[in-house]
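The structure is given below, and queries will be raised subsequently.
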């Protein structure tokens, strides 16, 4: 095998290490966001409180004292990034969790029961698929959020779920349809097992692994998508810090104080990368068709 | 041949039809209905092995599925010991399911890769409502022993077994509940010849010991001849000839059966199948010829064959659907296709 | 026959999609909202403005009367007045749509071409150095939020090296002097312009032959286009690579080799088309993604197109503009999906005729 | 009779789990001009690897060692980018699955015309002159990407379809493969061989996926091809099918040829216990007349081959010597070879 050593190294790193890195990133960020509830965290890690105004050191570029620099009010951006983590991490879990829940349930039953139930669910899902989902969600969120700033983030999540569930419905249904044709499911039917039992014993275990892969990958996408919502002011209400909004607010300071926007964006990227690498790793485990040839 | 057979029907299909919708047109924009099983009458007697012989697309597997209520017939009904299986519900249906089992062709896709062998084999027991774990375990072990598997392997996963052993697992699942009727859907066609021999011998032993009725679905003449008491030959969704194995395979009457048999290579290599002049391919359900469905390939077809469809009727000790043996009056009503 | 049936069914379905969307929006704006008039007038409006708006949209009438006027207005092209711009939404769309259409189509063409090429290149030597490099690149890039890529490019090439300008579709001084493209229209029987074309900065400059304006428009478009290409980058690369590897393993590729065809003939005539086919199913999604991406990209680069307009409307809760652009984008995406599906039907004979 | 194909000491190894495992172990085989030779074996016997190695179509994780000569030229040592000169008019192949062996997005006529073009190029080159480098760049507008236009099928293509007894060959030529039945597709593959007029045809289970009535037609077409001078290596798991077409039969087990001889001799008087078992396993007679023999156990995994004779764990005649000492082919009767310690 005449492969150059560097490419083999890259291959190895990307084979197993990628998954490890992804999971590592997620663990670090989850721990950080869990710790963000206590003020002591900021003193230990960032050495500043996210809300402490310090006009003496405003607009400071990144340095050892302020890793990510400071904003116009002299607030430490690193501390504010940590403070923004909990909300940015929890939202993908909530949105994807709800979408998966709805989609899994509807898709499984639609696929297994067939008939008019399937027809109805499919038509509705198709309808949602034909919408430009992100623009629709942005519009819904903006219309609902126009009146109540405090509820904006809830509306945004709802909007993301509204456009998120049809994918899982179709995924689950397609999987169930192909499983239904599998002789082992036929055999279970011939054995007199009830529909619910067949779904539980034969369908859900197969489905769960596939859905897990897509859900993990989707979390990264949802994180990025939510950051776009936040970017347009449709996230949590200020003064709670929020990565996407921090990027937007920083745009006014370009090109001088580039670090206002840059670091929150970078952190979002690393987090999304974590979800993506972990998802790819899962895919390798569960999807033999793609195994080893990413 | 086999003395254990009686003349009493265990399972019978009466005017059974199955239809499917298939998508056609640009990106599947329209539907078309095909009928892989078209008004078939068939009965399996107590304690016999009945074989349905047919080439791909003859509807033989669909027929087997319909007999077990795994696909819904569009017309006709299936009786099991006189009971209409389409009407059974609740505990009646569970009891029926226990009595009727199936072995599939593909020993890979027919066993759930995520389950232990014992969970696969015991499925029909659980399906029939058995609750006692001790009894389930006992009967699972017994079924595994009967098919030649070591019961100590019951906590393994199926991927640890070879193709032949997997097929034994599939057979163990089918016989674990002592069914009276088993459908075997080409159980050896994915296996090597030496493994096929093992499985055929096993099946024949199990059948003679249990006295159950088997419906064997096959495209292989030698295998069919070897296992069956009676044979039904299917062509394009219809039974064209039916009788004892000696009659139908020994002295075929329907031109299709004759042609089919003449194409089978045997140990006698001086008899060349390459000399057989058969034209055309098996028909597709979407495009059936008028009249007798074999008329477009039949060397002996005459005018009537291309106009009317012959009905299955007694001739030469068996039943044949061919105008060579009975004339016009035996034609079925003009097909509504 | 097959194609006509198919298009008719799709048209009917598309109609339901739009009705469904209108219902959702109507419910949100006129029924669920605590104060519909404020929604339509914008949160910054005065009491008098709100009252005027309530009268204009019949908001004091029963819901079915509101619904009647809402539907009539939508289908007669009366899409309301933007509280932010104080102009009819439809005329704003007329102004902004061509700019974005041009930008996204350019990005789309380059993106599809680039991703497909990289996918094929990756498949030639799976797990080789090039493949791994491509893999690392797209995994990283697609994890970047679109504004980060835009920001990075802006800092590097605009503020850093001053290679490309940082805002607007064209240098405003040049932009004011470029004539609009006109041609003899045989239907109207006179020389006219064509709104879609003469509002596209690059195409218009090209057609009227103004090279200064053309090069200015092109250099203004470079960074937005690159950002759009990198937005969600890699999906097609991966799909093409996987399907290429699968196709190369197929019997018909072996048949082609067994025929004695040279390797490049085998790849380009037999393997390529089949392995690009699955990617076509993603093309509609890619286009929809670019439209979304244009919101962020145009905001950051100050590229005054539809995306910029939508972003402004989002930030100021300009409801009539949002609804108008949503309907428009829905129509554009439905049409593009239809084109993609019909195209796919022609590329893959297996989907064409049923037997 | 000169040898069209000569395989000598051919090994095929696959890279699995970091080691090389051999699927074909030192096979020697010759096929005379216009001769049909059958290779019989069960799954895992190495018969498919043998055919792919002859065609130089092994997958990327496999390698071949030894010699495969087509009319005296070795192809095993050939660089990959020169192999195409030996395929086509030199040697070609038919696969088991007719459903997947034709390109789904190309019309049948164009796939057939390619064979004509390929043959033309080979003839221009002088087929086995590896020194002629210049390959004419025949650019045929029919094959440009995306322009799968319905050009009238070439006369030669239509003629070939008629030769393989396809009814209405003009219409069939302008169809796409998915519009044909399995039997029709396999006949198109054979029509392709008629157009290429190859010296050697490797047919890997060409009738396994077909119905018996179609199988009979395909077998007779293959015999027709051999009468025109093509040597055929007919690979199958079914010794009875092989018996219909082959003059000689090679029986493979665990990557080795264990018996080789004239078809009639091997069928009527099998020598190797494996061949005997294989023939005994074939069901015959009516129910209850006779019980078929069965070979116990299953074929070995190439990663864990038994020592000595590879068949010894399943053989009822196995002796001490069989477990330790490997076997080699011995000529027992004229042209009838067997690799067994019993003889």
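Letters A, B, C and D mark the chains in the order given here, with residues in each chain numbered from 1 onward.
We adopt the following convention: contacts are C-beta pairs under 8 Å (C-beta built on N, C-alpha and C of every residue); 3 or more make two chains touch, one makes a residue touch a chain.
As the structure is a prediction and not an experimental result, all values here were calculated from the model.
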Fewest hops from chain A to chain D - one hop per pair of touching chains: 2
Shared interface partners, meaning chains that touch chain B and chain D: C
Between A-C and C-D, the pair joined by more C-beta contacts: A-C
Mean-CA-position distance for chain B and chain A (Å): 51
Centre-to-centre distance between chain C and chain A (centres being mean Cα positions), rounded to whole Å: 23
Separation of mean Cα positions, chain C and chain B [Å, integer]: 55
Shared-contact residues (touching 2 or more other chains) in chain D: none
Residue numbers of chain C (touch at least two other chains): 353, 355
Chain A residues counted as touching two or more neighbouring chains: none
Each pair of chains that touches, named by its two labels: A-B, A-C, B-C, B-D, C-D
In the complex, chain D residues that touch chain B: 42-43, 165, 167, 181-184, 211-217, 219-220, 223, 237-241, 243-245, 263-264, 267, 277-289, 291-296, 298-299
Chain D contact footprint on chain C (complex, rising order): 249-252, 254-263, 268-270, 272-274, 277, 347-350, 353, 355
Contact footprint of chain A on chain C as seen in their complex: 13-14, 16-17, 20-21, 24-25, 28-29, 32-35, 38-39, 42-43, 126-129, 132-133, 135-136, 139-140, 142-148, 151-152, 154-155, 158-159, 238, 241-242, 245, 288, 291-292, 295-296, 300, 310-311, 313-315, 317, 319, 322-323, 325-326, 329-330, 333-334, 337
Chain C contact footprint on chain B (complex, rising order): 22-30, 32, 284, 286-287
Complex interface listing, chain A residues touching chain B: 182-184, 186-193, 197, 201-202, 205-206
